[in-house]
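Look at the two complexes coming up: subunit A is in both, with subunit B in one and subunit C in the other.
Let's look at the complex of A and B:
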């Protein structure tokens, strides 16, 4: 465990930052630490966290997924259209949409891995094409409200625990096991560190790249459906803010945008930090402009802390621990 | 491509044939972009009367100019091997400052315009400094500064509004020799480019983008190159903001994000490589014109305007696949 923390000091730092942020917020707004407020903060963080799951995989593999906004939005709109407010269709609609999201990711992955298209361009094109197609299909008109069942999954509770937190916890467990224990995780870190070295070491690089984008499409589609349950309906542009927050959550969680490092446990902390900040600003009477300034500053500070320049500093702080793990 | 004189084979028939193919493959992405522009213009011209007139050229250039300016900065950064997402923030901030500070007095307008350009350069230079000093990734640094600048713009002007003087709005209607001022700007920009790419700075930026390590080893100060490259990108983004206010007549704290990814797309459609070292402003201009003309095309085809993003996405993919195919073929030939 200690070696895990040494390797992932940035993740530890993200959680530390989150705790400090919570305490500061509590200082300014005493009601913030109430059970109901913490619960609603966690629920909001869950949406960011679920979107960031796929983005984490993609970024660890050295790519980036800009198609998230409209995969999310398309999933939300298609679900409400196909279900028309009824619960029963959800049993075939939900799997269909998850497969659809994964399929978009698959196309992205094939474009990147097989055809050599830069990830930024491939996923950007997928995003605008999807946006256009959905707008043409719906004509921009509003869609029916979300089925009750999906509302239960997003805002319902089992005892004191929101259902969506259980969903998030299961996803986090699966993602962590995949990254830390499964062959997929080993392949992914190898791929992100150096695609060439990975290729020559027998890592199935194309398959691994395609899987990361497919999982990103899958998690964006899931988040889109759940978000529809949360807001009661699907609307155009509902995914737009999640592009920035998903990348920011992964970056704050300590992953390098170049790939090869990072962990979903870090992205969880990133999602929590971003959501707490969103809650902090109304308490301080600050506008959404100030929120953007703070978001940017937090990203700059966290990526600076992860930079090579600070690495030597960290080396001094963690010197003893490092020697111990090397001695193991 | 870089065969030294000593190694170059005698100019026999097959060698000349190869050189000619190499020249073509080298420019394949640019030629594909030209072809796509021709197709778009041909369809547009077939369906709409009066496309091949000076008026139409004036109008389309005026419509494309904001994107062209933003994409010029982006092109310089892409050739350096980086990316600049902060231009969205610079554009928002620029329009907001202009719309709140400009008055009827021309001197005030000139002073604030100079200040906006200076802010653009300073913000970009700061990006470049952070990227070099802390060895940070351009994508994340400029994403963060985009967020900060956009936030500041929202603090100055929370919603779209403000105003600029009437004579400022009339800028793109001024004509000399039948050509509107945006067309003259475009001509100036292209002349600037042919001068700039041959300067010591232009050559160094391209060399650094091709191979940072060898540029460093030959004595290039990477930090200085980054500061200047991103500074220029910020400067062009600020110019785009000023031009945008002549079109909209108002400030908008959110409008900048509409130019971030399209500026990258315009450059990539025009054959600028995302891996650095390759690209030309002419290609970027053609890319920006294609993206702008698609809007007209959707109109004359009488289909839903929602097809516009679909078309631009498909064109982007075609362009990038063409260049990746050409690169693969060229590499296969060298071996």
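Let's look at the complex of A and C:
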């Protein structure tokens, strides 16, 4: 475990940052640390965290998924339309939508891995196409409200524990096992470090790339359905803010945006940091414009703390401490 | 007076001492060679000289003044320029843009002055009598040898007082290497200092006035080149007398054909190669650079598209990609040309690199077994005597020879019994070279079939059982035991068959 932490110092830093941010927030708005508020913060973080799951895989593999907003949005709208407020259809609609999300990701992955389309172009195009299709399909008219069952999954509780946190915990466990204990993880880190070396070493590069995008489509579709349960209905544009937050959560969590490093445990910390931040900012009594400026700036600073330059500064700090203890 | 004088130079990386109390002095107007095994500290030493690495301790003086460049730019401003072994050029820029990178001539509008850029490049090529090289060509379209020439030009363009050449000849074909050797003499004659690193003793002999020997991170001795014998140098380099570089060549080939290639074609360079490689045989591949050797190795490994027929152990095979090539005991493995680009994940550990191709060998129901992985790693570290602090050390921090051993280990773990070795000793020190040759013979004796390309003619003469000479993408000659000589290889590479 200690070797895991030394190799993943940035993840530790992300959690440290989260704690500091939590304390600062409590200073500005004392009610923030109340049980109910912490719980609702965790629930909000879960949506970011679930979206960031697939994005973590994609970024570690050296790609990026910009199709998340409208995969999420399409999943939300299709679910409400197909279920029409009833619970029963959900048993075939939910699997269908998850498969559909994964299929969009599969197409992204095939475009990137087989046809060599740059990830930014491929996924951005998928995003725009989905947006257009949904607008055509719905004609912009409002959709029915979410089924009760999905509301239970998003805002319901089992005892004191929100159901969505259980879902998130299971997903986090699966993702961590895949990254740390499965062949898939080894392939993924190798791919992100150098696609050519991975190819020359017999890593199934195309398959790995396609899997990452498929998992990203899957997690975005799941998040879309759960988010609909949270807000009670689906609406156009509900996924837009999740593009930036999914990437920021991964980056704050210590992954290199160029691929080859990072872990979902870090992205969890990233999702928490981002959510606490959105809780802190209103307490500062700033205008909504100023809020966005601060939000963006804080993310910028947090991510750059993990950059090469800062890493060497950290190295100096740690090294001096070590020498001191050796001298004692 | 000494142009550069160094004493007590020490550099540590974590717990590993890369350089310890090194002493060095050199004067203007000489060619000063640095010799030593990989990992002996030469690379760290010149990285410090060129400002890329900062020493922990030690005193450096340039013309009697304290010298501690904060970065390579500062070193260059003081007239110290290095041509490094691992090439640092930008693939998307043209030759001339790379040579003058960040120092481009400007027009009045501060845009790059293309005409002046071309003129300065041609002047530079002319002044140093460069081998033919098109200044406008994009770097990515050049061969490794041509890139090395660009790297040399980039160093010379800075007009340094001290020019450091790190293994600059190792990527060059014979003629270009000779040109470079003559060039170092010319530069020294102009009153400048050339610090020259090479693993080829013949080159050091040909040009060096003096030499400094490195071993295990420190400087062992400095000699006037004419006053010391090869044996003394090698003994001081490896700390014991070297028995011999080339292993005994016992014929271990059987009648069984491991690899049969018929009319293999790929791209414009490989135009129909046919040959057979037997179990237990080391088959050399020679010829002038660019006559299809690279394409041959890459297409056999499934890394380039090719047509023609390939039989492995008697079975016709289509090799679609490297993953396919590496599968099973009937597979085919490649130690590639470009170590950092194709062979090794520099930012990952020795362990992760070694086992990258054989993850399924320690996976149970989808889960990795750390214990079984550790056993595989230990097997290879011991078998190949890989010198790493721990298996968790990053591969990028190993010396060149040890990096090459990691790649060998990765391929040997696959259990593929046909090995393709593309210039496996490039940039590798004498001691490790000997180990690699011995390893090749040992593997052959165990039934491996080895296809071996080398850019170094003596290796082709002394190591393989037979040598194929490629010319214009075909096998121009097959030289069997007793007929292999440097002259015979060159003759077949250049001349049309004289009946």
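Keep this in mind: the second predicted complex is superposed on the first by the 315 of 328 C-alpha atoms of A that agree within 3 Å, B and C clash if a C-alpha of one lies under 4 Å from a C-alpha of the other, contacts with A are read in each partner's own complex, and residues count from 1 in each chain.
To be clear about the criterion, a contact is a pair of C-beta atoms (placed from the backbone, for glycine too) under 8 Å apart; a residue touches a chain by one contact, two chains touch by 3 or more.
All of these numbers come straight from a predicted model, not from anything done at the bench.
**Student:** Given the alignment on subunit A, is it a clash or a fit between subunit B and subunit C?
**Tutor:** Verdict on subunit A: clash between subunit B and subunit C.
**Student:** Kindly classify A:115 by the partners it touches after superposition: subunit B alone (first), subunit C alone (second), both, or neither?
**Tutor:** A:115 contacts subunit B only, not subunit C.
**Student:** Now for A:292: first (subunit B), second (subunit C), both, or neither, which partner does it touch?
**Tutor:** After superposing on A, A:292 lies in contact with subunit B but is clear of subunit C.
**Student:** Identify the partner contact of A:169: answer first if only subunit B is touched, second if only subunit C is, both if each is, neither if none is.
**Tutor:** Touch partners of A:169: none, neither subunit B nor subunit C.
**Student:** Looking at the overlay, what does A:244 touch: subunit B (first), subunit C (second), both, or neither?
**Tutor:** first
**Student:** Counting only touches as set out at the top, which of subunit B and subunit C does A:140 meet: first, second, both, neither?
**Tutor:** It touches subunit B, and subunit C stays clear.
**Student:** Kindly classify A:126 by the partners it touches after superposition: subunit B alone (first), subunit C alone (second), both, or neither?
**Tutor:** The first partner, subunit B, only.
**Student:** Which partner chains sit in contact with A:27 here, subunit B, subunit C, both or neither? Use first/second/both/neither.
**Tutor:** Touch partners of A:27: none, neither subunit B nor subunit C.
**Student:** Which partner, subunit B or subunit C, touches the larger number of subunit A residues?
**Tutor:** The partner that reaches more residues of subunit A in the superposed model: B.
**Student:** Please indicate which partner A:197 is in contact with in the superposed arrangement: first for subunit B, second for subunit C, both, or neither.
**Tutor:** Second partner only.
**Student:** Which of the two partners, first being subunit B and second being subunit C, lies in contact with A:303: first, second, both, or neither?
**Tutor:** first
**Student:** Under the contact definition given at the top, report the residues of subunit A touching subunit B in one complex and subunit C in the other.
**Tutor:** No residue sits in both footprints.
**Student:** How about subunit C: which of its residues touch subunit A in the complex?
**Tutor:** Subunit C reaches subunit A through residues 301, 303, 321-323, 325-327, 334, 336, 341-348, 352, 355-357, 359-360, 363, 366-368, 392, 410, 414.
**Student:** Could you pull out which subunit A residues touch subunit C in their complex?
**Tutor:** Residue list for subunit A touching subunit C: 3, 7, 177, 181-183, 186-187, 189-190, 193-194, 196-204, 260-261.
**Student:** Mind pulling up the subunit B residues that touch subunit A in the complex?
**Tutor:** Those residues of subunit B that touch subunit A are 83, 130, 133-137, 139-141, 143-155, 158, 253, 261, 264-265, 268, 274-275, 304, 306-314, 316-317, 320-321, 324, 328.
**Student:** Could you pull out which subunit A residues touch subunit B in their complex?
**Tutor:** On the subunit A side, the touching residues are 64, 66, 111, 115-118, 120-122, 124-129, 131-133, 135-136, 139-140, 244, 247-248, 251, 256-258, 287-297, 299-300, 303-304, 307-310.
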